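The following pair of complexes shares a single chain, subunit A, combined with subunit B in the former and subunit C in the latter.
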Partner chain A sequence: MYSKGLKPVSIATVVVVAIWLAMVFFYAPLDADQGFVQKIFYVHVPLAIVALCGFVAGGIFGLLHLRSRDRSYDMKSYVAIHMSIIFGCVVLITGAIWAKAAWGHWWVWDEPVLVSFLVVFLLYCVYYPLRFSIEDPDRQARYSSVFAIAAGAFVPINFAAVRMAESFTHPRVLSQTGGSMPGEMRLTFFVGILAVTLLFVTLWKFEMTSKNASMQLKRLRRRLEATA
Partner chain B sequence: MPALPLDEAGKYVAGAYVTLFSFVVLYLSIMASKVARIERELTDLADLSERDKAPGETPDETRDGEPVG
Partner chain C sequence: MIRTAAAILRKDLAIELRTKESVPAMTLFTVVVFVLFHFGLDRDSLDGELASGVLWVTLLLAAVIGVSRLFATEREQGGLDGLLLAPVDRTALWLAKATALFLYLTVLELVAVPAFAVLMLGPDLLPALPVLIPVLLLANVGLAAIGALVSALAVETRARELIVPLLLLPLVVPLLIASASVTEPVLRGSQQAEDLGRWLGLLSLYDVVFVLIAIAVFDFLLDD
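Our next item is the complex of A and B:
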């Protein structure tokens, strides 16, 4: 039963998202460098972090599927990757809007953070044709899990590679020295991460519930048609 | 980099947040259509199970002597 806990999580999401938006526009101070445009940071970066974590979660579920052969883990992996791709679309669009506002260009090809996220996003776009080109359900689940694990392992490696790159245009908000944000901005940013994480979990549970209901209906239909 | 004036920056900030909530609303509308499809299929299955009953068979509700309605 994936719908278990959906209602409290949904309510928590609405409350935290409302608090987050209020903090972004009424609590966090204006950035001295970028001014009002910096408000995009509070939606763009949490979405990117949660999307990348979702890809890694897809890999972990894929690993659990290969270990246990439990098909529910494959479904969890698929839905986590599906949600992360949707979040990834928003990350790319909000990133392009921020780039246009701050740098005057919709896309900057020599910026490692932007390009590395695009590489990860395009890598996961391969997941759909791979998954749906296989008809046998067991093979489909197995191959998809292998892809999810390999691509999921690539995400932290990619993140580390960007960190080790010399050129940094984006502000470092999670550095070991604490980054360069004042307290109000930092708090707003962390509330943003919590809000986007809750949004991800709510939509993930919603999708899982829907897919589970569809599968149970198909089972019921097969049984009824067999007895007819 | 100089700070952008608020009136020019506002459209970009609004664009970013509207993008997020547009995706959420689009996703929820797609999910709503899926839920509607599930409901239709459930109704079909209920009809199918009713048709499959033998003509002289007593309905489930009255079989155990439970009140109907």
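Our next item is the complex of A and C:
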């Protein structure tokens, strides 16, 4: 049932991702003081935004699971968090590359967004050991949902706290995400967000389809063994 | 619900008073960590941000011990089944466990903070107390709320000794940021804390959010 619409979504994703990459390299102007390196911004920031939204979506699916007791919501929550973790790895790596190029260090602690992202990422990494050390499938679903909700609520608080800790000495570093971006940059940035969101949704759908299919296969096999 | 919670809390405190399992272990642990920090940093006395960092990280690590022992007696002696069979509200169970943890932490700090002042702190502790005490209490509320939730989350897993610190420590990063920042100037010996209201506001926000979340989701744990 998740395979419905998979083909159009995949095609749309391929097209938008191609447009996005083309815009990054050929359309967006070079940054005045960072030059070519700044283009990693169009990859790094949309990925980070989408990954955080994916974490929060995992929490919302967890909430729906607890309210409805429908196991498919737990699967949706799990796949959303799983995808966000993968996106999060890329965010941390691109962030480190950008930091090295722009500020000369692989890691800078006075960049609040990067630091909060790391803390959130570390928290969500515990989702796997927690989930897979519970054997009873019903309980596994419920406990994972509880984790997803608590962690989803933790995301904004953590961002507020880290930002407050830095705002003593540093003004907002990433002011270029705000209104000061020239038009072409902003357009590329928004296309980037669209492309990464589509990518996330497509990968999520693929994973859901595959999980669903293997579950169905298991069920059929069990039935076959019962009749044989 | 309050009466049920009070009954469970009385039971927990009675067990703790008889066995003396959690609080003495946590206290001993903090003193050992202070000694470790003394040698690790090779400093006779600390002040300012170093002092507040050492104090808060040590307290949070000690809290991990308390959290991982919180449901220990229930699990090891099969008391959890009894509690779950009894027709009591799960929220009462959370309230009792969180209150127990709050009391453990408070008792721990009654010993650990003076010990810290004697062993490591350069400036006098007394002038810092008016700021330190409300911060400690607010941090304890947040730690107790999230700690009881994490403890219940981990109790049914196979690797619970592993899950508790991994889960708890990232979750308390905002608490650490707020508490360490607010105690840093007073541990340097200055009378006035910077941005006291803002940090206490963040601590209270954290407490309120996680108390509400814990109450909202705790029913779904330990549900079978």
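Just a few scattered comments:
Everything that follows uses one rule, which is that the second predicted complex is superposed on the first by the 208 of 228 C-alpha atoms of A that agree within 3 Å, B and C clash if a C-alpha of one lies under 4 Å from a C-alpha of the other, contacts with A are read in each partner's own complex, and residues count from 1 in each chain.
Everything that follows uses one rule, which is that a contact is a pair of C-beta atoms (placed from the backbone, for glycine too) under 8 Å apart; a residue touches a chain by one contact, two chains touch by 3 or more.
Keep in mind it's a predicted model, so treat the numbers as computed, not measured.
Applying the stated contact rule after C-alpha superposition, one finds that A:N158 touches subunit C and leaves subunit B untouched. Touch criterion met: A:V146 reaches subunit C, while subunit B stays clear of it.
When the two complexes are overlaid on their common chain A, residue A:W20 makes contact with neither subunit B nor subunit C.
Once chain A of one complex is fitted onto chain A of the other, the partner contacts of A:V119 are limited to subunit C, with no touch recorded for subunit B.
When the two structures are aligned on the shared chain, A:D138 is found in touch with subunit C, with no touch to subunit B. When the two complexes are overlaid on their common chain A, residue A:L224 makes contact with subunit B while staying clear of subunit C. Of the two partner chains, neither subunit B nor subunit C is touched by A:Y73.
Once both structures are placed on chain A, no subunit A residue is touched by subunit B and, in the other complex, by subunit C. Within the complex, the subunit A residues that touch subunit B are 21, 30-37, 39-40, 43-44, 47, 86, 89-90, 93-94, 97-98, 100-102, 199, 203, 206-207, 210, 213-214, 217, 220-221, 224-225, 227-228. Residue ranges of subunit C in contact with subunit A, taken from their complex: 146, 149, 153-154, 156-159, 162-163, 166-167, 170-171, 173-174, 177-178, 181, 194-195, 198-199, 202, 205-206, 209-210, 213-214, 216-217, 220-221, 223-224. On the side of subunit A, the complex with subunit C involves touching residues 66, 119-120, 122-123, 125-126, 129-130, 133-136, 138-139, 142-143, 145-147, 149-151, 153-154, 157-158, 160-162, 164-165, 168. Interface residues of subunit B, counted against subunit A in their complex, comprise 1, 3-6, 9-10, 12-13, 15-17, 19-20, 23-24, 27, 31, 34-35, 38, 41-42, 45, 48-49, 52.
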